[in-house]
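Once you've had a glance at the structure underneath, I'll fire off some questions.
The chains carry the letters A, B, C and D, assigned in the order they are written, with residues numbered from 1 in each.
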């Protein structure tokens, strides 16, 4: 490709000033293969100045259909984060909730609704939150392993000092200043991302420093990034070389041991990435038969076969279709869709109880928030409010509703697949989504 | 939870008839915690009767902001699927494309745009399509391994007969009938999902039958499901017991070796899941320095460190942030958001070329379509048309544009992260997205 | 460490001439912390000149205790490798075999023997061989992905020519010469390693070339290495640059996609690494109760729990303790102990049959031989002969006996673990091995 | 197979009484296909009554050749286990060590010796021990997730009480009794396996209890098993149902989250399985060139290519051939050969330093002992003593010598493979091992 090719093309501003938005829209309207019938995407069902807060290069909008399913019967725990960073259950209440699903997969909403019907007759879904952490993996690269271990040992002694430093009201990085864009003069450090543990992992001449945070009701990657950056630059680099005489060759803010948007085994077990949440339901044999047209034996045989199939093919997450439920709720509530993959990593189990089954699912890395990011979108706010999950203090409630919904989909999808020859599964796809 | 609790709650219809939609909306409007300020999500910027085609329980809509980035300079291959199911390159052309991104991650669109700027100065991005397959893993469970092997050997001899049977115009399952919902009287078998290979995997008394299809310009899970169901019920079960005297205890349509919506190693190498697509660019040292403010050494050191970090934490996919790009394009173009996780599995490389670097990324399972499913949404159609990717014959073009966009994001994100102390990365988040 | 430190130390010859062996032995005898009571390891129960054929730096010997278990009742398949490289079953016979186990794990031989007792009452163990391949992964590194793809496409067209070239009697690399150490004048190419398929995998600017061989009755890594080297240097490098004008920057003989001595998902499914072998047995409820003191329910519950435990912890291989059996037979028969890890990768299943269970195990990469390498050790030859597995034409028989033995250990160990509270498991360790 | 077939076969005693050993030997001597030339394996270079302590069914012995390589120049740390279970470095000393290798792989000892030569000129190998833990994963299965969580919360409060109970001198399970085989009357609990942490992992209705021990100078699986059994039966089952009213349906002693003899991601990072040990060396360019005939660029390019190859094929461990070194030392020193796979899981790195390279390797699960098990074999004792690693207080020294040896092999093998076209690698195999 000739390097000069781009010269005659329109300069493309990143800004979201009205004139920049118009400039981009006009350029697109002038494209020969894009006629007026397409320009409806350039209108504003939500004011452009509102949408302009969410990303650069704003040019149009997207509309997705939303189905609402429910009422989903739940036994929800009331959880608080204690001073040590542990999630503690302080009570439990029964509720019914309506859940918004934004997607275009024919059969999906009907399947969730069918699972809700079965769960309702079975006494509802019970949910649990076990843990809450987000990890940033910064890496310091040295000449030798011995130097990397010097940092590892130094960090082991500084972990509590790091946490204190971050939340210290006198930390100059916490003092907002006027007119400055620089970190020194602005509120660089976030008080919402609280450092809970610092671990290290040395491989070769590289010392990974795993900062583990809680991020309140936000999903929190940005606040965590700022605090990790502050720790690297203003705490470690300011003190470690002075204390030890050793200086790193490179400092990288994130180098993959933090599990950011790519699934990893390291976060499939404790401490997880985001919220560790479980849901369960016990289905009597008659509910399986009447509502789901399946026997306990069939579901158990499918679980066993599917678990071995997952193992044989190197599938880390074991469940039927958790990503479908996660994606649909994420899209309706302004969560980061780039986290659908990591947030969907799950482990579902089926075991016999009497003539029925116990079905459960564990999510080890549900990355969700009820404040910040896309949750401020007008539509997202409304859907969060529909579930009474908008704003501070709601994130554990929200996480539980998500996994309960996912469990209802698992139940329905597994039953369809398990019934003789998977006929029901095919019919669900065929009648609603399969023909398109 | 008391089983009677749900009785007083509204009955929740799945149907999308106007009265059912109204009934659901009215029920939600009556909820005590949901007031009129939230009801904007129940209006119809796109007619309800249009949205009603995409999912059950339709009740409202979601609006997402869309940024358009570009012009992205590409060397695009022209690919055709040959008679054997191989993807063959038949030519190559230079183009510039504008790419729509639906998301709410501050800094993301700007970062892609920055990567495009660098790629433009570097002569553009070159893309390649290697393969195209979708797999459905049906499983037949027997009493013994010997019986499962009997099926495996039988299937090995029947593979070509299966393919012929599926596409046979006289196949009664291909003849549409009137007024019937049953498979015997309707167009059960899809002519778009073409069976290319059948493999088996026996573990214990279970014989997995891996049907590998091409699905044309559709992503294709539904058409593949229907054809696999037809093969199981009308081909295998109709012939195998008769031929061998062996009958399976269970037949399951999908048991996880098909890689459906959960990442697995089996599809990280050939044959992939969906499209196997690669993108590459060669960045001279001066472009790295001027546009990305980074040196080749820094990028190479980050790649090395991050690759070891990925390995240490059991991260299957290695790249910086492919899921962000995949999710944003998927959301704008009506792709299945439940496939963001599997479609984002990638492997990125950086190697030195002269004083600069060669950067490349491989996606082994990009599950996309330009017809069917959510691509028929009015907004999705417009954004696909913006890229000249709407309709039949466009899916390999679309796949290439996606991976080229992902490469631009990789380039920009890696450069930000690699620059001294990852300061640029922080500033990108801080200035645009970090403060919210 | 001072660089000069090593100067005063003995020069250490690699050779196995008698005087070199003596020189090494004398040096060790002079060590201050090693007295005459240790020197028994420097004697020769097998002549030094015999042992000198197996490794350099020969200095002493090691003695391991060998237990023999049996008679193990088997239904063994008779397998041949056909012209296409497929393993074909040509018959089946019942036999009883005695199996040598070299190890020092108290309780292990008794546990295998207990499994044999149960299997005997249950009608024996049935075994199957599915496939046979060894892979060498050479990698050609280029400047760009486009160049790497050029090689991939060229190789796709040359695969059959490569196989013909290797086995061509006129290939000059096959002609032995006198007095030369150079490849040109010696029998570089092995006729035993037959090239069956050549696949490529392009990632970044790297084109992996996966040469898949069968290696006859030898395990075969060396003969495969020689043939892959010949293909790289004399076929690819001699023709590809001439045909295409493209020259690689680097050529590496093996770069990890070949699965050499490190477990990988790529070889856990077909085509495997070495032999793909399965064993199965059906245990009636009364045999479980009387011999193994366990119920079908307990074994099935353990399998289910253990499979979820394996999944939760990222354990690729699922079985109870296959490595113990593999290592013990490998050590007795001169197999490569460095392949214990890869050869032990297995997947075991338990399913209900009547009031009992079907137990099966699949090994996807059993790397064994009955000729070559350590199998020529005098003791190894005797133990192979004990099983009638010595020499050509015996490798599939040997592979089946190994997996049948492993299944008996699985059966016994699983039963011990599954019985109430795992009391039997503890007692087995306690009585025999636990107290030491 | 007819069930009666085994009836006419010899009854096979497990015992190691002289008459039982003779009975087995006589039975084998009577086999038609096994003549007198094979009977040398039934003689006793080590007295039968000594070998009889190591396994049941003792019938013969195995002889392996042992090469000794060295002198290997080391900077060894002096490590102690502190009261909290952390491994603490208390000093460091330079030494030279001779290392015994029992194997039959032509070229392997020469390759290690070549690596030692290079390391010697480069100033030697530096080693580090980071951690020490062995984990037993018991699992308690319930009806519901809520019950499983009840146990998880109960265990969280009991962890320190469990540790105290185990080491309490008044614990009745620690009092030896005469003439009894029952746990109540014998020394069931081991004082060497010290409980350090107890963690839980709940998935579905299953609560895994991860007991993490240190095991002193023994490898320790048996002592850990006994203590975990005692905790399950006498602590948890004696107290938990009484405290909570909840009783498990099943208790299993080990259910795969303990990493026992099967590699798992859970133990690839901290806390490891056995010893976490690192080795490093810095090789100047001239040493690479003169001794290893390779350039720094070639080694770095190979590491990069091989790391991507490992990633692409789902290979968890990344290094060249660590299992070869591990297996050879394990076989010479009476380690458990069934642990070769898990103990070989490693991560090697190469980075540029000046005109040379820094090469390092990390083993996350080296399962070794200097007392107990096979280390009591007469030959094993002599080889451990050769390295001054026999008996109590030596296990960290032994672990370091192993990883230093593995690093020398990595260095030599990587250099052979990296040199142009991997010619050296082929020649090493060809000249010494390849022709057999």
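What we mean here is this: contacts are C-beta pairs under 8 Å (C-beta built on N, C-alpha and C of every residue); 3 or more make two chains touch, one makes a residue touch a chain.
Predicted, not measured: the structure shown is a model, and the values here were computed from it.
Undergrad: Chains shared as neighbours by chain A and chain C?
TA: Chains in contact with chain A as well as chain C: B, D.
Undergrad: Select the chain at the greatest separation from chain C, using centres from the mean of Cα atoms.
TA: A
Undergrad: Once chain B is fitted to chain D on CA atoms, what angle does the rotation have, in steps of 5 degrees?
TA: Result for this pair is 180 degrees.
Undergrad: Need the CA-centroid distance for the pair chain B / chain D, whole Å please.
TA: 42
Undergrad: Round to the nearest whole Å and give the separation of the Cα centres of chain A and chain D.
TA: 38
Undergrad: Could you grab the centroid distance between chain A and chain B? Build each centroid from C-alpha atoms only and quote it in angstrom.
TA: 18
Undergrad: Touching two or more other chains, which residues of chain C qualify?
TA: 126, 141, 201, 203-204, 206, 265-266, 268-269, 307-308, 310, 312-314, 316, 318, 347, 349, 351
Undergrad: Which bits of chain A are touching chain C when the two form their complex?
TA: 265, 268-269, 304, 307-308, 310-314, 316, 318, 347, 349, 351
Undergrad: Using the touch rule from the top, collect the residues of chain C that touch chain B in their complex.
TA: 126, 128, 130, 141, 143-146, 149, 199, 201-206, 265-266, 268-270, 278, 280, 282, 314, 347-351, 353, 358, 360, 362
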